[in-house]
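The data blocks that follow each hold one structure.
There are two complexes below, and they share chain A, which is joined by chain B in the first and by chain C in the second.
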Partner chain A sequence: MPEFLRANRREAIAVAVLLFLLTVYLSTHPRGMSTYVMTIWANQCLILALAAAAQFFAVIVRGIDLSVGAVMALTNTIASHVMGGEGISLLGGAALVLAAGVACGLLNGALVVFARIQPIVVTLATASIFVGLALILRPTPGGVINYDLADAMTLDVLGIPTALLITAAVIGLFWIPLRRTGLGLGLYAIGSSEQAAFQSGIQVPLVRMISFGLGGLFAGLAGLYFSFVTTTGDAGIAANFTLNSIAAVVLGGVALRGGVGSLIGAIAGAFILKTIGALMFFSGLPPLAQPFVEGLVLAAAIAIGGADVLRVRNRLEVFAR
Partner chain B sequence: MATSPSPIVRLEGVTKRYGATVALDGVNFDCNAGEIHAVLGENGAGKSTLMKIIAGVIQPTEGVVHVDGEPVALRSPREAVSRGLVCMFQELSLIPDLTVRENLMLGAPGTGLGRLSGRTLTVACDLLARIDGGHIPMRARLADLSLAERQQVEIAKALAREPRLLILDEATSALNASVVEKVFTVIREESARGIGVLFISHRFHEIEALADRVSVFRNGRHVETFDNGAYDYPAIINKMVGQKIDDLFPAKPEAKPDAEVVLRLDGFGWEDGLKDVSITLRKGCITGLGGLDGQGQARVLQGLFGLLRKTEGDIVLDGREIQIASPKDAKRPDISIALVPEDRKTEALVLQQSIAANMQLAALGVDGVPASDPVLYRPYIDALQLKYASLDQPVGQLSGGNQQKVALTKWLALKPRCLLLADPTRGIDVKTKTQIYELLRRLADEGTAILLLSTDYEEFIHLCDETHIFYDGRVVRHLQGDAVTAENILAATLNLPAQGGTHA
Partner chain C sequence: MSLAIARRLDLTTLLPFAATVLLILGGSLFFPQMLGIGYLSQQLQIAAFLGVIAMGATIVILLGHIDLSVPWVLGGAALISTTLAGTGDPLLTALAIPAALAFGGLIGLINAVGVALLRIPSMVWTLAVNSMLLGISVLYTGGFNPKGEASATMNWLATGKLAGIPVAFLLWMAVAVGLALMLHRTGFGRYLSAIGYNEKATFLSGVSTPSVLFAAFSIAGLCSALGGVLLAGYANQAYQSMGDPYLLPTIAAVVIGGTSILGGKGGLLGTVGGVFFITLLNSILSVMQMSDAWRSIIFGVLIITMLMVQTLRGREG
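So, the complex of A and B:
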């Protein structure tokens, strides 16, 4: 279906690049393709993929979220306090962790929608607040997560890494149905042309609030999954994940100007970014050179995405982009 | 016609002000079920403001809107749609990054934030096929469609909402005759079912073919509503034109058809928006560029100022062919072209910066011009009587008219040989207008060649030595001397035959 590929070419490119990198990774890995190697890889990828999903919901409505990592840090430290128990208490704990994530997202959303402050400013400020709270909860890394639950979430089911099943569930049970609702359409409409969305009768403030709420939910999920992988609480993870989540959505073909891209692309971008990191770990590149190479790959990917500026024939339109 | 006595929408004393500007002034207006009601008026007559109020996009400053006889407050397009008032907007209410299918479903009645229903889509697809849009792929991204295809999608989207009153704001401007015919057929079927249609068009033949009643607007006021056919074209044009003001303008000198040629455009073109335009600018002459919005006249200014890439045709300055690749080229002393752009808040000025800093921006980097010397700007500040507290005051604090004076001063300090102006008096008070007109005439007398794009035909009549009227990217009429009359200008902008004028 060429029309389908054309319409989704950004995602198609991202998925193709990912498959290529994964093949290279598995063929150069000293232990080759095994459930163990795949599981470790998928776990690392999923943490960033959930963070990228959080970033996606901010970017798609023409915003940016600098508090993704901070919400992860906060929810991770909360999890390290409430997820050490057994049985039913774990369910309540998880609910509390995710509720905290949603609350953070809604706070960001309220400041953007009702106080009319730019998202970048709002989230820069709230990021400090969230990290501050995380530090109060966990001044030093520590705490404990229920090992059985952590194992269940981070190992494999019949040889398939659980992380990949979760990824599939997010796409298949959440994203694809969402895309077929008025809410899903509204997200894109607002990011692409807020005025046209308003004139089409979309409730712009409501949809934007929901978008930030979903961003918070995914940042909470990322923090929770990070807890399962590390089985500890650490308030110092924020900055790294925020920057990587932005890099991931851009790599996955989500336009920072909003309205273009998909959650699948954002997730693929996260997987690509982590796979490049993993590749370099085994590539024999000196560790100090790795950020340099990662940066080059990222810059190249963004440059390809912006190449159509060269075709603009009215110079004024360049500034409108 | 099946005109029911009770109007769907009735406006009573509706006024809309934007700051000091009055867009609509005490308008009484109604549209009945089952009628096709055309709204006529020039640019800025208040037509679009009227449509936006009925569609709930903006709220009136004063006055009441009645729907089905009840006074209502339409606070958003969503509320208007829920009452059956659906508008197809001139500036396209479609989302460029979504597919055709998604655009048709966006905001459709009955689809809130939940699951989208396929029913709306079926209706919309059927409508799209009926207006010759059956070939448009549902999965295509809207931004990849042509303007005409986008208008078809938009018409289908509006019709699919099962409106009781359908508002079409220049809905068919990009469609060719056979598609327009089909749109008309569908609209006629709709109105026969008791649906009111309110539409703006600048094409007289469309109005003649379609409308039951016609309302004319001028300067924000409702002039008259009459049955279609009650007046002929010239009478309608007279109603649109209204009264004249003469003392606004400085005395117009004798025409100088033999003055030295400063700049000549020969077969100038760019993409689809501009085709084979030839214009001659003479020393001391003010040349007007007119037409409806977006007919290509603005592109001429942009092309001459180095903003367009890959233009066709030649630019000949002082007898030698030149290339202008960028604004920096244009202001070089050996070319010396200046452009005062249309949107002064975004393109002409840096609002947060001081008057002094803004005035220096154009002169900076030009050889032999001491940009930071205030003496450079003084003559123009005095001539225009710029009102300011201090030159260090941010430009954003000035009134619109005074901002325009700063934008003019900034370029005039370079003493350009050729001055391009994009509607310099739009939205400006009468006094400032007079000052600008006087300065322009004085500059012309001193030898500057001036190219004036305007939406105010009075400027063509009283200020310009000659005028080119654009339609669909071409010059359709070149008016000079006695042929420059309001009637001829308006007829030319609508691409109607001249009433005794000279053809291009």
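So, the complex of A and C:
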């Protein structure tokens, strides 16, 4: 067991911090621990967790995705047009929303892989396009999401918040199996060294495209889940989620240089970030001081992550990081 | 000297200038007034705000880093300068600009502490610094638009004219020439590109790489702060999130100008062209009364097109 912990210490630390914060949150919350409190908390966390998952698939192959929030805005506005109906049309609507997310991801991927432009610049430009499209679909916030479906996705099943069940499903049914496939290994290989991966026979362009496609899929899921929580479409949500998704993966121990970290860490990072925000809401801190404290906590958490540098024995090691 | 300049005037650098001329000529087919002196001089003035900030951003990107704290360094500098000038006290008014610039330089140093000493990726660290600055300003202003106004000097810098040329443009050119001399005539400039290519090799050659990072980030902070002072002088006030619309166009201007986002390659002249291109593009789209949505889409498509042209050219050469 200690071997397992040492191998996964980044995730272990993130999960431990999360459990500590959650305990503090539930014990300071005026209504204490109840399904209601947990559901509200889990819903907010899951939106960011899905955005962080999207960011993770860009970062793990040594990229970055500045269009996560924009894809969320676009898919959210699409959902507000196609998810208002009943029955079977909802299934088609959800498929359309997710397909749009995947298409956005593949467009990013094609520009990176085939046009060979750096991911940060590509996604900067495509984000502008996606937000524009979202604004055409919803110039002002509005639209409607089927309430029954939204309730089913954002309340609880037998006292367990649905959002937590979805999180567990993403990790247990998607990530852990994926990690064991050649594709999962390829993601890490490309992130660690693209050249070595290429020379080992990994189809770098293909794996990269799949990685961007998965990122788009998760950004689409985040936009879809955002629609369930807010039940409207809003084109103005982009900037906030992009920056927070980057902060979340970093807090979860995913290295921006690629090849290090896991989806579990990214999701834990998102939960940590949202729990800190929720904690502050009930902490009695003056509301005007909250953005500052939030920034301070973020900077401190990142600086602690950077404190590794104090342990290096050879100064040259820092340049390899 | 002339040979050195000629060598630097390669196609990559000229591309954004050529695209700008095309924009003007194309636009003048529909709006003949675009070729008038009045319109062009106004564009020079508006370009200067983005231009000053982009000069600093170029320096940091040449290193292979990025500065995402631009919005609130800009906003903070505007806030400080208008607050000091708004007191009406002659001494405090005179201190408005130096205090704002000192603030920018200081934040640059804080950015460098994280990046150079703690080795935190600049993208994350400067982002965290930006959100702390946002927090401080919310705490200070209470979330409202702050009181205060720009001093006469700030107004003159932003909107005045010297011999018919906007002062802001002259100031931008002065900053550009000063930094260009620094890049091409001092060791600092060489170390900058060298670190962008390979930081480890530069360190092993005996260069104190952290000092270079500190200098570069404080220059970027100074430039962002100067941009804030100019914008405050232009609007005659500071307002919440006035810097947000400047972050992405700044990065876009730098990369359109042919500077590699990975560092090591590029220069200030290309960025000047990139700034012209983006300013005119914005202006033409707003003259055409394009909706925000379409402006955003056209902006994104044109940036990708420019980058594809740059990259394809790079592969041939």
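One rule holds for everything that comes next: the second predicted complex is superposed on the first by the 312 of 321 C-alpha atoms of A that agree within 3 Å, B and C clash if a C-alpha of one lies under 4 Å from a C-alpha of the other, contacts with A are read in each partner's own complex, and residues count from 1 in each chain.
Note that in this section a contact is a pair of C-beta atoms (placed from the backbone, for glycine too) under 8 Å apart; a residue touches a chain by one contact, two chains touch by 3 or more.
Owing to the predicted nature of the structure, the values given are computational and were not obtained by experimental measurement.
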Next item on the list: Examine A:Gln199 and indicate which partner it touches, taking first as chain B and second as chain C; both and neither are also allowed.
Entry: first
Notebook entry, point to check: Can A:Ile120 be said to touch chain B (first), chain C (second), both, or neither?
Noted result: second
Notebook entry, point to check: Of chain B and chain C, which one touches more of chain A's residues?
Noted result: C
Next item on the list: Quick one: classify A:Phe292 as touching chain B (first), chain C (second), both or neither.
Entry: second
Next item on the list: Could you look at A:Arg180 and tell me whether it touches chain B, chain C, both or neither (first, second, both, neither)?
Entry: first
Check: For chain A, which residues lie in the overlap of the chain B contacts and the chain C contacts?
Finding: 315-316
Item checked: Residues of chain A touching chain B in the complex -> 3-4, 7, 180-183, 185-186, 188-189, 191-193, 195-203, 206-207, 210, 259-260, 312-316
Check: Taking the complex as given, what residues does chain B use to touch chain A?
Finding: 55, 57, 76-78, 81, 87, 89, 91-99, 102, 105-107, 111-116, 137, 139-141, 270-271, 302, 306-310, 326, 347
Margin query: List the residues on chain A that touch chain C in their complex, please.
Written below: 64, 111, 115-118, 120-122, 124-129, 131-136, 139, 239, 243, 246-247, 250, 256-257, 288-296, 298-299, 302-303, 305-307, 309, 315-316, 318-321
Check: Inside the complex, what are the residues of chain C that reach chain A?
Finding: 66, 114, 117-121, 123-125, 127-129, 131-136, 138-139, 142-143, 199-200, 203-204, 244, 248, 251-252, 255, 260-262, 291-301, 303-304, 307-308, 311, 315
